[in-house]
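As written, the chain order gives the labels A, B, C and D, with residue 1 at the start of each chain.
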Amino acid sequence: MPDDSYLTVTGLSRHFDISEPWLARLVSGRGGRLLTAVDDVSFSIAKGRTYALVGESGSGKSTIARMIVGLERPDSGTIRIDGQTAFDPVSGPTQDSSLRQKLQMVFQSPYSSLNPRWRVGDILMEPIRAFGLISEETAQQRRVQELLDQVGLSAPDADRFPHEFSGGQRQRISIARALASNPHFIVCDEPTSALDVSVQAQVLNLLKQLQRDLQLTYLFISHDMAVVRVMAHRIGVLKDGRLVEENEPGALIESPREPYTRMLMDSTPRFAGGMAG
Amino acid sequence: MTTPLLHVDGLSVEFPQRRQRLQALDGISFTLEAGEVLGFVGESGAGKSLTGAAIMGLLEPPGRITAGSITLEGRRIDGNAAGVRGREIGMIFQDPLTSLNPLRTVGDQLVETIQLHLNLPAEAAGARAAQLLEEVGIDPARRGAFPHEFSGGMRQRIVIALALAPEPKLIIADEPTTALDVSIQAQVLALLRRLCKERGAAVILITHDMGVIAETTDRVAVLYAGRLVEDGLTAAVIAAPRHPYTRGLMASTPNLDAVSVDTVLPQIPGSMPGLSALPDGCRFHPRCDVALPDCSRVAPVFAHGVACHKFAAEQKGEAADAG
Amino acid sequence: MTHSPHTAPPTRLQRVLASDFVFDFTRAPLAILAAAVVAFLFLVAILAPAVAPTNPFDPASLNLMNGFTPPMTDNMFTGERFVMGTDDQGRDLLSAIIYGLRVSLFVGVMSVLLAMGIGVSLGLVAGYVGGWLDNLIMRIADIQLTFPSILIAMLIFGVLRGIIPPDLRDEMAIFVLIAAIGLSEWVPFARTVRATTLVEKEKEYVQAARLIGLRRGQIMWRHILPNVIGPVLVIATITLALAIIAEATLSFLGVGAPPTEPSLGTLIRIGQDYLFSGEWWILTFPAVTLLALALSVNLLGDWLKDTLNPRLR
Amino acid sequence: MLIILARRLAQAMLVLLLVALISFAIFRFVGSPVENILGQDATVTDRNELIARMGLDDPIPVQYARFVWKALNFDFGISYRTAEPVADLIASRLPATLELAFISALMALSAGILLGIFTAIKRGGFIAGFVMTTSLIGVSLPTFLIGVLLIWLFSVELGWLPSFGRGDTVRLGFWETGLLTVSGLKSLILPAITLGLYQMTLIMRLVRSEMLEVLRQDFIKFARARGLPERMVHFRHALRNTLVPVTTVAGLQLGSIVAFAIITETVFQWPGVGLMFINAVYFVDIPVMSAYLLLVGTLFVLINLIVDLLYLAIDPRIRDRNLRGGGG
């Protein structure tokens, strides 16, 4: 593993128990069944870079994202973040809050990722208070305004409720909330798949700009090859829970080794002579 | 000149709300020839699905048509679309999960549609259903199965079979592949296009995806905030978009052929206005980088396949130069 | 909702006044009427000692000679007049109704609060924590739901009566009644809150809260609870009507409010005995009050349901 | 299918045992059975003898098992109040309640479903709106008040129908029916309406809201888009899907008719088990209360079982989900 890797995942696996209830099993004589959602996945992300996991629904990409941030427990494998062990099979997940503070997540849906009953200011304030980052009230307010500014919103927006914003603006609020705990690493789980194309470009550009300004490391989850192409420094292709191919974007797209990768690209609609990025 | 298959003229749709009336469609006009595949493209809220629903006479109340006419082969169908629904115009919706009645077998639902529209005896209708299933790539032996026993892609094939069953002249497909995985999307679109071409049925394909438009349609109509902003042959529009919105929409679509991760994507600032806060003049002007003073005051006239003051002014300039 | 980034956001009051909720209310005459009736009845009940012509519990105010005086007629012995007439013991019916309303509303409101407290907490826990706890709570709810709440209330009432020594039974009756009705009505709250919690818990804002290390209790209390208030409010209103009716029913059956603290149901029970002999007013006035109360609360509940869930209109 | 049946049966048994446990707890721990039988001034030896005879000194699980065993043999003990065997008491009164409940349920279901469909399809129409508003009065009117008002109108003022009792009855084996005599039928009318009206409004409102929910779904829109006429959309597609959820709740409502009969029976002095129960509550006649609970519990579990199986028969999705697992 290269020394500059920020996140290293080794042999990550996750199974879901989809067995029938015991009585039905008893009567039918069938044993339990496991669904393998993630199967022995290993990769690492260099500091300040974007690694994209691309795959279709059911490929296990979201499960990986959730395991890395600690929302779900892996069955096996290790996760190391910034030199610290975040999960290993022996000691389980670390409860270290300084580690948790370093990783954040931006979710897919701009509608359900913000609590509709909370004002934007309170939403942004929550991580600041939860991690005890700033104790003084006016400094907290200042920080909220700074965050809003960073994602292209204005100070009075702090007093509004999420439903007063468009989808793109809500996704900006989501990003601001992720930034609130001064993270080094952000998992972006399909952050633009629910957005309109013209707004998607804004959000993607914002993520890129923040990466440059704050030296952030991204794990970018998507089903869209074209989006991944413009975002990632390295791409991993997932199929049925396995990492089938991994490469630099240019090389991957020009000469995919796996037929699955080629099929994914061939079925991505594009327009002839298309406008290059 | 022969009568076109479908002619929509000045179609306006309104949704009365608590405090105001929202004008969801404003003066949409277009023509569709038999066998043509026309794409409607636009972002959410642009009114593309509403246009489809209005043609079918399936606007959700309290939405209603306030102006304009819809003619199918020279007959007015606005106001009495029930007569042509299914029989002459078929429709396919976005979500194949919910489009089929979960409590009845797919064969049942097919036979029901066939018998209703084609007046066939039960046996012939059954045979016809089996044949249709075969055509969309589903084993006819599975006609006794319930919708939940099929995968998403299979279900959308069944929906296509249902829409084609009465041999309609026009199919309106409203985001037919948005809910499906990319690999299945391409197959379903290809199937839809092939079956319609074979039967000489025209298609209105509603989508937000420029790539889908480029690969599937003959002609494209671009909608923005309830108005038609550009209309033309797909190849021509993609090669040289005339409306700044079309241009921006295409430019901001990420592309597999991008050069490097470090480039900034071209973007349109802001977002499409909600129906309750539509700007005066050209509805795109607050986001437009080439807006003229007139744009904020006067709605541009739709001419030469585009509704744009800037384009009209350039045309005039060229004409003057030439003259 | 329109949004322009540079105007100052409206204040809380402006927000409330401009909300669709208030807008719809001002355009629903039936809802306004119902709200007015409910508010009036509540006010009368709260101010009972001040607004009732007499205190029906004060033996000094009773004159047996006044018994069975029809409404708005001079009593043939004493010459007194009563707006709504009197009952068998010469009690002023209007006063009895006002005090009865007080008992009915007190029992109704308290039992709804009890049911809501139990139901909302159990629903939140079942929905959010899940697992065997969820299974246990929901099985109990299922079983209880199979039995109509009035039967459950009667059963609880009967059991509590069995436990409480006979000499305390009348004294405790009101509280037994509240416990019986409250315990019989928690299930709809729990089921709705659980269903909403199951939906909310999967939403990404809850996961975002987990990511910053909030504990389960904090997430339930701060994030999920505010989102279940809408449906809980609707159920609370409907349950209030149910509780008022349940109380009246129990009292009518003679297993509710004690004779020392007659509720509307008790008054109707008394009135029924005199229906055959032509003293119609003893039954009619309490019955009309009860109906007006239950109907208004139901109308409000119905309107709330439609407004908070506009798809159902 | 067999598996589901087995699971449902097992669940039903479990619930029944639980109901029996509550019933037993009431029987055993509410008040003192010994005092209730002997009175407060019995001697210690008398008491001890009774305790031993009733087995009250055995371990609680043994007592519970004995209670269940006795209940299976229709032995519910002796009423404290009338000193009759509770089983005889119930047997003599059950036909009256069941006849009343059956007629009311029939009325409530048929009228409720019809009106529900009508108000859903004609939503926004004048008559449907009127029916809906009126139904709210139905929900707000306590059952006992409906009864009292009916008595007032039809018995006191008009004198057309009897105000109390069951009228003449005919004995058919062990079953005493009032359905075969004119006076029996006349006596049934008012109580049946009283009992059925509230249930009818509930079922009507339920059917309406379920049907509206179904009518909003995509497959209905797609059915219209396929050109199916409204009549077919409503009756072939919407109605069946509506009846799936309605079945469950309607089943529960039917069950509750038996319990609501308590109120009606009190108002009309109808000699059924409800009237028996209310007297038991009033006089703290524990054995009767506990037996009634057991009886009603069994009835509800039975109805639930039938509803569940009906559900499985109607909805193929449930059938498969249960077979494939994940249910519970």
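Methods note: contacts are C-beta pairs under 8 Å (C-beta built on N, C-alpha and C of every residue); 3 or more make two chains touch, one makes a residue touch a chain.
Please read these numbers as outputs of a predicted model, since none were measured by experiment.
For the pairs B-D and A-B, the count of C-beta pairs in contact is higher at A-B. The most centrally placed chain, judged by C-alpha centroids, is C.
Of all chains, the one whose mean C-alpha position sits at the greatest distance from that of subunit C is B.
In this assembly, the C-alpha centroid of subunit B lies 53 Å from the C-alpha centroid of subunit D. Inter-chain centre distance (subunit A to subunit B, centres taken as mean C-alpha positions): 33 Å. Centroids built from CA atoms put subunit C at 48 Å from subunit A. Residues of subunit D found to touch two or more other chains are 328. Contacts with at least two other chains are made by residues 166, 169 of subunit A.
Residue positions of subunit C touching 2 or more other chains: 1, 3.
Residues 1, 3, 5-9, 203-205, 207-214, 223, 226-227 of subunit C are the ones touching subunit A in the complex. On subunit A, the positions that touch subunit B within their shared complex are 50, 56-57, 166-169, 196-202, 204-205, 208, 223-227, 229-233, 249, 253, 263-277. Those residues of subunit A lying in contact with subunit C across their complex are 69-71, 97, 100, 103-105, 107-109, 112-118, 126-127, 130-131, 153-154, 156-157, 159-160, 163-166, 169, 174, 177, 181. Listed in rising order, the residues of subunit C touching subunit D in the complex are 30, 135, 143, 145-148, 150-151, 154-155, 157-159, 161-163, 241, 245, 248-249, 252-255, 265, 268, 272, 275-276, 280, 283, 287, 290-291, 294-295, 297-299, 302, 311-312. Interface of subunit D with subunit C (complex): residues 15, 18-19, 26, 30-31, 133, 136-137, 139-145, 148-149, 151-152, 156, 209, 212-213, 216, 252, 255-256, 259-260, 262-263, 266, 277-278, 280-282, 284, 286, 289, 293, 296-297, 300-301, 304, 328.
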